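So, here's a batch of structures to check.
Heads up, the next two complexes both have chain A, just with different partners, chain B and then chain C.
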Partner chain A sequence: MGSINHVSGLEKIVGIIRKTKSTLGILFQNGKSATGFIILVSISIFAIAGLFFAPYNPDAYMFRRSLPPNSVNILGTTGYGQDVFSQLFAGAAPTLFIGFSVGILGTLISVFVGVLSGFASKRVNDLINSIVNIFLVVPGVLLIMLFGTYFLGLKENLGYVPTILILIITGWAFGARTFRSVTLSVSKRDYILSSVLIGESKVSIIFRQIIKAIMPVIVSNFFFTAMYGVMGLTFVEYLGVGNLSQVNWGTMLYWAINDEAYLTGQWWWILPPSLMISALMFSFILLNFGLDEIANPSLRIYNKKNRKAKNVTDTQN
Partner chain B sequence: MSQILRTESISKEFMVRKGLVTGNTIKALNDVNIYLEEREILALVGASGSGKSTLARILVFLYRPTSGKIFFQDQDVTKYKGRKLKKYRSDVQMVFQDPYASLDPYHTVDWHIRRPLILSHYKGNVEERIDELLEMVRLNPPSYYREKFPHQISGGQRQRVYLARALALEPKVLIADEPVSMLDVSLRIEVLDLLSSIREKLGVSIIYITHDLNTVSVISDRIYVLHDGKVVESGRTQDVIANPSDSYTRALIEAAPDPYKRL
Partner chain C sequence: MKIPVRYIINKIFLFIVVLFGAITLNFVLPRLIPGNPAETIYQDVVKASGGAVNPVYLKQLEAEYGLSHAPLYVQYLTYLSDLFHGNLGVSITYYPVPVSTILAQALPWTLFLVITSISISFFIGNRMGRYGGINRNTWKDLTVDIFSMFMASFPAFVMAFIILDIFAVNGKLFPLGGAYSSSINAGFTIPFIISVIYHAFLPVLTIVLTSLGGWTLGMRNNIIPNLNSDFINYSENLGMKSYQIKSIAYRNAILPNLTGFSMSIGLSMSGVIIEESIFSYPGVGMYMITAIDNLDYPLMQGIFLMVIIAVLVGNFIVDLLYGFLDPRIRQESG
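Moving on, here comes the complex of A and B:
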């Protein structure tokens, strides 16, 4: 009793490792999130490997056009004579990068705006709410065209920055709306009122208590926004407002559709990027649902009870 | 004995929106005058909807009164804001009804008691003070409870942790809004006993809000009966319960269950 534990640096590191282990353990509690996590990790490994080990230059027109899969080109060649597998392999990293940056930055903006408006005075709340509503009401396609042509007009080599910016601008509002309502409900709970009475500042309450309380929503919003980022990449490229000389799954689809690959039967060109994007979406959705089940025990207990009831009837029979 | 907290014709109206423009106001409190003396346990009694919780929240300024004034140690505190309000709130603390909602599920018992000590710039040894506070609310041994999360302890223990959190600021007035109504009957008397011993030891004045007349007579010195936002009766607890003058108080006393009487 009353003894003070001196935590050494080594113990701290061990603690951190243990903590990450237990977080991963949480992911594997649930079949859905475990599957989603494994798919996501495999795609990430695929993407990182693609940065270094692409068999051919994905940009070079060095083969015969529209070859079906063969021993030299595993996935055939494009209508312009590029190697499809190299494009798929090298294009994975940018696609993932865009998905994650849109997910992270979009969620950060939504959390900031949402929590602020949920916790601010009524006037600020109304002001922010109307701005969010404007962004929700204006069609995303319109905003993408608008900002896209603007960024294209800059004529500078900005890499993926314009694409990411466009997607964040069109993607943050929904999350902000969610966080606003969640914050409004959390901030009226007794334990937040108690902190107000104790004399905690608003900043301290937000960072110490509200962010923790809405963490499940933040994680879920991250996956939704990242999904929007990957999906958005394809239609940004499809609308022609992205930089089409870049190689990613979005531009692959753009060129495939532009060359009417689906009419000329070049399935090896259009299917691989579509399937990879679907798999990535699928992993995000699985992670989202799985984490939701972990964070919300009422979804879990129902299943367990069901299983128990089933077992009972089994033994009776 | 001097009056520590006093209200002067407090009223509170709530807007109830019907449509976009039209709305009604509901009078939750109507011209309420009460006072609290030093080292006194005062009971506010009334049915649900009588305005007793509203009054409690007004006294700690979670709501602002529509009209009327509040005096703390003969100072008008009604318009207090910012730092002055913080100071006032450290003197007048509130205990919530539901101990399952008033503790943050993501933080330990230790954190709940440490924060008010840090915020009030406690001069002495914080670790020792936390142990002392936990012992004061009879959570022994303190080291066992410190690392617990709220969901790992029982309702009565949670309410006592909350008491320790409120007492960490060394308040002069404690407003307890139905502190035992969510607790198991067998635990109620313990918490009430704790409240009265806190009054004895620390000289804290307590406003005890309840709808349960049985527990009122156990600890309180004086009583106010609220009905539809108005004080309908007041006086020493024994007098009021033995000799109620208002018809509503009489109904309330008759409604309290008697363990020796069958329906």
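Moving on, here comes the complex of A and C:
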């Protein structure tokens, strides 16, 4: 018995690889999540490469202004004389970083709030519910504007911290509502009830069972919140309340619009960041929807395999 | 028809709580920041003029913002009573026009845009989602899905600029801004209404295009479990016609999508605020951007409050409608 419990380092690694393989397997069960995953991985590789291999300094005004795409500047230059491709390349990592930070932190908050309210007394539940409702009802752009102007009023360079904070503040509530209803439905299941009757503590039930049961929803919500993070970043930057000295896809759009690139026909400046943002959000949406379909069987009964199986039973009858 | 009394009372209670929360948030936010907006502006003015500013100006600014050094609860009560009397302060950008006057001009246009665009995108989006769901797992479904996802993921304001450029700047088919042609007198006359529609066309088109995706995907995911359910199978086997089955599934699926309607009022409001500044449409969004550029805190807070009240009232109406439409809620209070 003792020897079985002694798992060698190698076996552990093999186990981890197997586990990730099976997680990826789940992602690839569904065409949508598979496509989303492939796009996201490609953009991530692009972003990591961009940290090291940007052809020119993305900040430097080293070229003639507003050049259309040519052999030196693959995507042309900005109205201020920077290389568009270098900006796109180097701006990918911060954009992804913000999306992921907002996704992870926002999801953590909403899981905490949602699970808590699913388990709390009625009064606490009502209180949490109304707070969540306030954040759901208030238009996000307004909060972004208000918080953003106040952060600007601080006149301190805090990097991306204010942007991420603003996006988390405006983006956590939707997930919290989802987790609340999911927790309520899961906590009514028999096996949770029996754990309660056995005398297992609430904390242990939440961490050992509830979180496990709602894991697919958590992952799907992560992608949703990350998508909000990327979209929100473009709004924060567009409204000029973000950190405009940094290069990311949001600030690229801000400067392009500020320089009226759309009026002067400099599409090589405004379209690449838009399309990259679009692709990134597209991958998040695909992952979110694909995982929903995996987690929610009633959405996927009618795929081809099942239909075939159904026909077989039909003919047998 | 039974009236779901308990449900309505609950909703009224929620309305009051959320409104109060928003009003309080509006009060707290400026006070969370070290220093105060008046000081920030005062410092800027001092810097700009090289120090030749009378310190009384700071006191004046503070008075305009309704900032005092009284204890917080006194400030809060003054703020509430001012609100109650419709006193939202004076705008800095448009000094000395009261914020309430600006809002009275701007809010109707914003509401007009929001209501029109939500209704249109709700209708088209649900229809598209229905089409996708009925043809699930075919290339038709895939086309609808990909189109909706792309529309939902493309940055909304870039879309607005592209549309503005194509149709107004280069195409010259639509006006560049405004809510109606200045040569026409305002009033309920046919030329005026035509002019209003003509000016609202591009903003509405943009908002509809960018908010369509949510409805479509929501509808698709609501209708598929319905189409897969046993009662539909049963009706199918009984020989019910296909269009009847589709309409039943559609009606069942539209109810949960209606909950999304109340959420989307806030979202559309966000969209409208952005689009208005791009299309120079004289709604609250345009003033909001001006207010931010000029650090016009009274105007910002006034707009914030009005928009929230508008969204809350919209939500409240949708919730009431929902209470009447959903038989489960209607019966609950019996």
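The rule is simple: the second predicted complex is superposed on the first by the 297 of 317 C-alpha atoms of A that agree within 3 Å, B and C clash if a C-alpha of one lies under 4 Å from a C-alpha of the other, contacts with A are read in each partner's own complex, and residues count from 1 in each chain.
Definition applied: contacts are C-beta pairs under 8 Å (C-beta built on N, C-alpha and C of every residue); 3 or more make two chains touch, one makes a residue touch a chain.
For clarity, every value in this text was computed on a predicted model and none was experimentally measured.
By the document's definition of touching, neither partner reaches A:G25: not chain B, not chain C. By the touch criterion defined above, A:T234 lies against chain C but remains apart from chain B after alignment on the C-alpha atoms of chain A. When the two complexes are overlaid on their common chain A, residue A:G199 makes contact with chain B while staying clear of chain C.
Look at A:L142: by the touch rule set out above, it reaches chain C but stays clear of chain B. In the superposition on chain A, A:D190 makes contact with chain B only, not with chain C. Looking at the superposed arrangement, the partner reaching more residues of chain A, out of chain B and chain C, is C. Once the two complexes are overlaid on the shared chain, A:G9 sits clear of chain B and of chain C alike. If you check the complex, the residues on chain A that touch chain B are 1-2, 4, 189-191, 193-200, 208-209, 212-213. Contacts from chain A toward chain C in the complex involve residues 32, 130-131, 133-134, 136-142, 145-147, 149-150, 153-154, 227, 231, 234-235, 238-241, 253, 257, 262-263, 270, 274, 277-282, 284-286, 289, 292, 296, 298-299, 301-304.
Residues 60, 62, 86, 89-90, 93-94, 96, 98, 101-107, 115-116, 119-120, 127-128, 131, 141-143, 162, 165, 169 of chain B touch chain A in their complex. By the touch rule above, chain C contacts chain A in their complex via residues 14, 17-18, 21-22, 25, 29-30, 32-35, 37, 40, 136-137, 145, 149-150, 152-155, 157-158, 161-162, 164-165, 169, 217, 221, 224-225, 227-229, 263, 266-267, 269-271, 273-274, 288-289, 292-293, 295, 300, 303-304, 307-308, 311-312, 315.
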